[in-house]
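Take a look at the structures listed below.
In what comes next, chain A is part of two complexes: it sits with chain B in the first one and with chain C in the second one.
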Partner chain A sequence: MNAIETHGLSRRYGRLEAVHGLDLAVPAGAIFALLGPNGAGKSTTIKVLMNLLEPTAGSATVLGVDSRRLSPRELARIGFVADNMELPEWMTVRVFLDYCRPLYPTWDRDLESNLLQKFELPTDRKLKHLSRGMRMKAALIAALAYRPMLLVLDEPFSGLDPVVRDDFIRGVLEVSALGDWTVFLSSHDVEEVERLADWIAVLEQGKLRFAEPLDSLLRRFRRIEITRGANSVPSPSQSQKPIPSTWLASEEAGTLHRFIDSQYMEGDAERRCAELFPGAAINVQPLPLREIYLTLARHPEAAKAMQP
Partner chain B sequence: MNLPLHILRKDCRRLRGWLAVWLALLVAQAALAIYGFTIIKISVLGRTPPHIRQMYHPSLALNSLDCLESAEFTQAARTYFIELDHGQDKMSFYDQFITYKIISGYAMTALWLAEIGLLAYLVISLIREDTPLGDRAFWRTRPLAGVEVLWGKTLFLLLVIVAVPALFQWLFTVFAGPSSYESSFALHHFITLQFGWIALAMLLAVLWENIFVGFLALGALAAFTVVFDDLLNPSPTDLPWTHNPFWMLYILGLEIALAAALWRRFFRRRTFLFAGIVLVLAWENMKGFVAPLFPAVQYPRVSSSPFWMLYLLIVSTGLAATIWMYLYRRRVVALGLLGVGVLLLHAVTWLHYLKVRADFYHALDSLVILYSTLLGTVALLALLRQKPVDPEPPNTDGSAVTS
Partner chain C sequence: MLPFSIELRPGLPLAEQILFAVKKAVVSGQLRPGDKFPSVRQLSQELRVNPNTAHKVVAALVAENVLLSTPAVGTVVAAPVAGSRRERAALLGSELERVIVEAKKFGLDIHDVQAAVEAHWRKLSEPSKS
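Showing the complex of A and B:
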């Protein structure tokens, strides 16, 4: 079962189409990250999913309910934290949590206390007097303490310092490990997403580039370095043999040639390299998500859309 | 009912500081009026004149009644005091009375304006705390139905903004000792006026995120009616030159420029700014000078009927727009209702002023009343149709704590 599904989802702001024909499926229990540059349509997508905006075309279902018909019953099972959310900043952390608690019958006070301790939040300080990171932590506690089935985070790391980011990610990971929660987050911060997510989708100019499990993505992308012996092997530019189209970002420097294989299969890539460059030394290295993301941004043809 | 009460408690906590100031203003008004009574009572050697309720405002609301400002009344009071003193003109008391009346009149007006400004601020802050506008409001992503938030806000308005000052009003009338008819009239008059101010503030708060834009939009509607009037009906020559539509537009432009300057200066304090604008409008309205939102009172010959029309439209449109926004968040519909209402009002005012084709005027008059009634009915039906959805039942495994 999917926690979130969208079918041809589009959202226009006047002439600007922020999201265009989005087909997305977020499997239940996944930590699904929607990556993309600023203005890609991530926040708009989330706003449509949360019924903060109406779709111009298409539809979305969240926890099996049409997003336009999300009622308090569903919202009681969804945790939502957004970097631009208007919090009641005149409240102290304690008053804020006291205000949120009666809204959720499933509120877990023990979990609330644990999270307060973990995040080291001063409960007697007003939200407006807290740093941005502290405010986000307070919002996160208010979104986690009732053990939602679905946690939606819109740009949660935006403007946070590394320590707070780490706290934030640890908090989400630890709490989501307590149950079969689905986490859906949007971000343009690739490093943090790599630590957190197990599914990655990339949105650009309102269109989905691809959606794929992180491990599959990390498995199929490799940096391959070929070191030729002294003039014994022709360089790829001199070679008459065709280079596979899945080899991207090709670079040459002296006897060193390196590229990124976007469809790496262990053994197969090495065999192809040996055929093309007999006698050359081959070094295969895994790629971090950041480099995969940049590669896909420059070579969109390498994106292989997958749906669960 | 728990969640509306929960929201009410939260709003009371949020606005408690300003509520205290507002209540202090109410107390000050009452104290000033009671002090006035005391002076009169002492001056007439312990006897309570039969018309004392007319000599000094027997209620906060009656303060604005025309009879208290008229020269005829002042003369009548003078005559009364002469009669009271067996035919001797007791000028010392009369002078004391008039002096006090003038000074306290200014003080009372200042207090009243401050109270109305703060009232607008309170209502706008109340709506903004959980606004139906935009896509960033906290409550929109919580398990709260719009109808529950609306009930919470309504409870605040009824119990705090209407009932508390009404209680003051009642206590005051009890002290002043007018007849029960006078007391109930004063109370009714006060509550009616209070609803008008509340509805106007709500209208601006629920239709525009930026109150200044809202003011401009309403001002533009009013300006449209003025220009429209001028194009079709040049001003009669017997009106003062300040009532020329172009002069009014000029003043309106000055107001907008002033508001824009203040806006840049105090951008974050938008609700304060709006409270100030309401203050200006109220002041101008009182003086009958320029009131962009009150086209009906720009003309001295207009009777109170367009006032009543205006009141009906503001209250019905304000309530309907608020209900609409919280339940359906359809701003276009709410703005459309407002536009139709303003045009209808304008037509009524215009025909009323010209005093021609009375039958047509009465037909339009009825149309406005019908329109307002329709809005109120539709809003009420929309409200009744909404059923708050119960949040999910508590966990049965005992892992969750229910508050």
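Showing the complex of A and C:
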């Protein structure tokens, strides 16, 4: 079952198409990161999912319900925190939580006080007098305390100092358990989500570049370095044998030849290398997520290979 | 706090890093047979990693008989693997190959590698200082 699905989802603002034909499936139980530069359409997508905007074409379902028909019943199972979220500024933290509590039948007071303590929030301070990080924490408590089935976070970490960010992640993990709990979050920074996410999707100029489990990405990308012996073996440009099309970003300097294999299979790649470069030393290294991201940005064809 | 040393490096597969840290802790005696192993929840929260990753690590360690899942106590560190010496040695295959390839690249011979292995062996055999 998917916690979120979009089908040909588009949203335009006048002439500007912010999101274009988005097909997304967020499996239940995943921590799903939607990555992309600022202005890629991440926030617009999330606003459509939360029914703050209507799609101009296509549709989205959230917890099995069309986003345009999300009722308080569904919203009581969804937690939502956005970077620039409007909060009732005049309320103190205490009053704010008192105000939210009766809206959610599943509100857990123990969890609320546990998070308050963990986050060291001053409960008698007005929201407008809180720092940005503190306000985000207050919003997160109000979104976590009813143990939602789906947590949606729009740029949760941007501009937070490292300590607040760590608290924030701890808070999210505090509530998370294995099973049907799903987190959907947007970010413009790969490294922010690397430890947390098990699914990565990249949105660029309103279009989905790829969506793939993190495991699968880390498994299929490798940097391969081939050091040719002193008795020169033909370099690939001179070699007659064709180089597999899944070998990307090929570079050469001196006796070193380096490329990225986008469909790495253990043993297989080594065998191919040995055929193409007899007698050369082969070194295979895993590729950090940041570099996988860059590789896919420069070689969109490597993303298509995996799509169903 | 987790009962074993670990420092996660960005970029490398998390599950593999945690697996390696746990196995290293068992080999070096930081984790002893019978010691209680942290729950999935604890692992996830202490390391700030996805609970699915933590779950996968624990499942893999149980499957490899590094950990033992007991109904009463939870997960504990298992006694060293049974099986023949040769079977256990075979587990080292790919690691050894990597070491040998690296050594050859640096122009070392087998004696240099033996000396380095011995020195490292002694280092890990000393009682843990942490």
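Structural remarks
We take it that the second predicted complex is superposed on the first by the 300 of 308 C-alpha atoms of A that agree within 3 Å, B and C clash if a C-alpha of one lies under 4 Å from a C-alpha of the other, contacts with A are read in each partner's own complex, and residues count from 1 in each chain.
Just so it is clear, a residue touches a chain if its C-beta (ideal position, glycine included) is under 8 Å from a C-beta of that chain, and two chains touch if they have at least 3 such contacts.
The structure displayed is predicted, hence computed values, not measured ones.
In the three-chain model built by superposing on chain A, chain B and chain C fit together without any clash.
On the chain A superposition, the C-alpha centres give an angle at chain A of 140° between chain B and chain C, rounded to a multiple of 10.
Shared-chain residue A:S176: touches chain C; no touch with chain B.
Using the contact criterion defined above for the overlaid structures, shared-chain residue A:Y13 touches neither chain B nor chain C, since it reaches no partner. Within the superposed three-chain model, A:E194 lies in touch with chain C and out of touch with chain B [touch as defined at top]. Once chain A of one complex is fitted onto chain A of the other, the partner contacts of A:D108 are limited to chain B, with no touch recorded for chain C. Once chain A of one complex is fitted onto chain A of the other, the partner contacts of A:K47 are limited to chain B, with no touch recorded for chain C.
In the composite built from the two structures, the nearest CA pair linking chain B and chain C is 19 Å apart. The part of chain A that touches chain C in the complex is made up of residues 29-31, 166, 169-170, 173-174, 176-178, 191, 194-198, 215, 218, 227, 281-283, 286-291. The touching residues of chain C, when paired with chain A in their complex, are 8, 10-14, 40-41, 44-45, 47-53, 55, 101, 104-105.
Looking at the complex, you find that chain A touches chain B at residues 47, 50-53, 71-73, 75-78, 80, 82, 84-88, 90, 95, 99-110, 146-147. Chain contact summary for the complex, chain B toward chain A: residues 2-3, 6, 10, 13-14, 129, 135-138, 140-145, 148, 388-395, 399-403.
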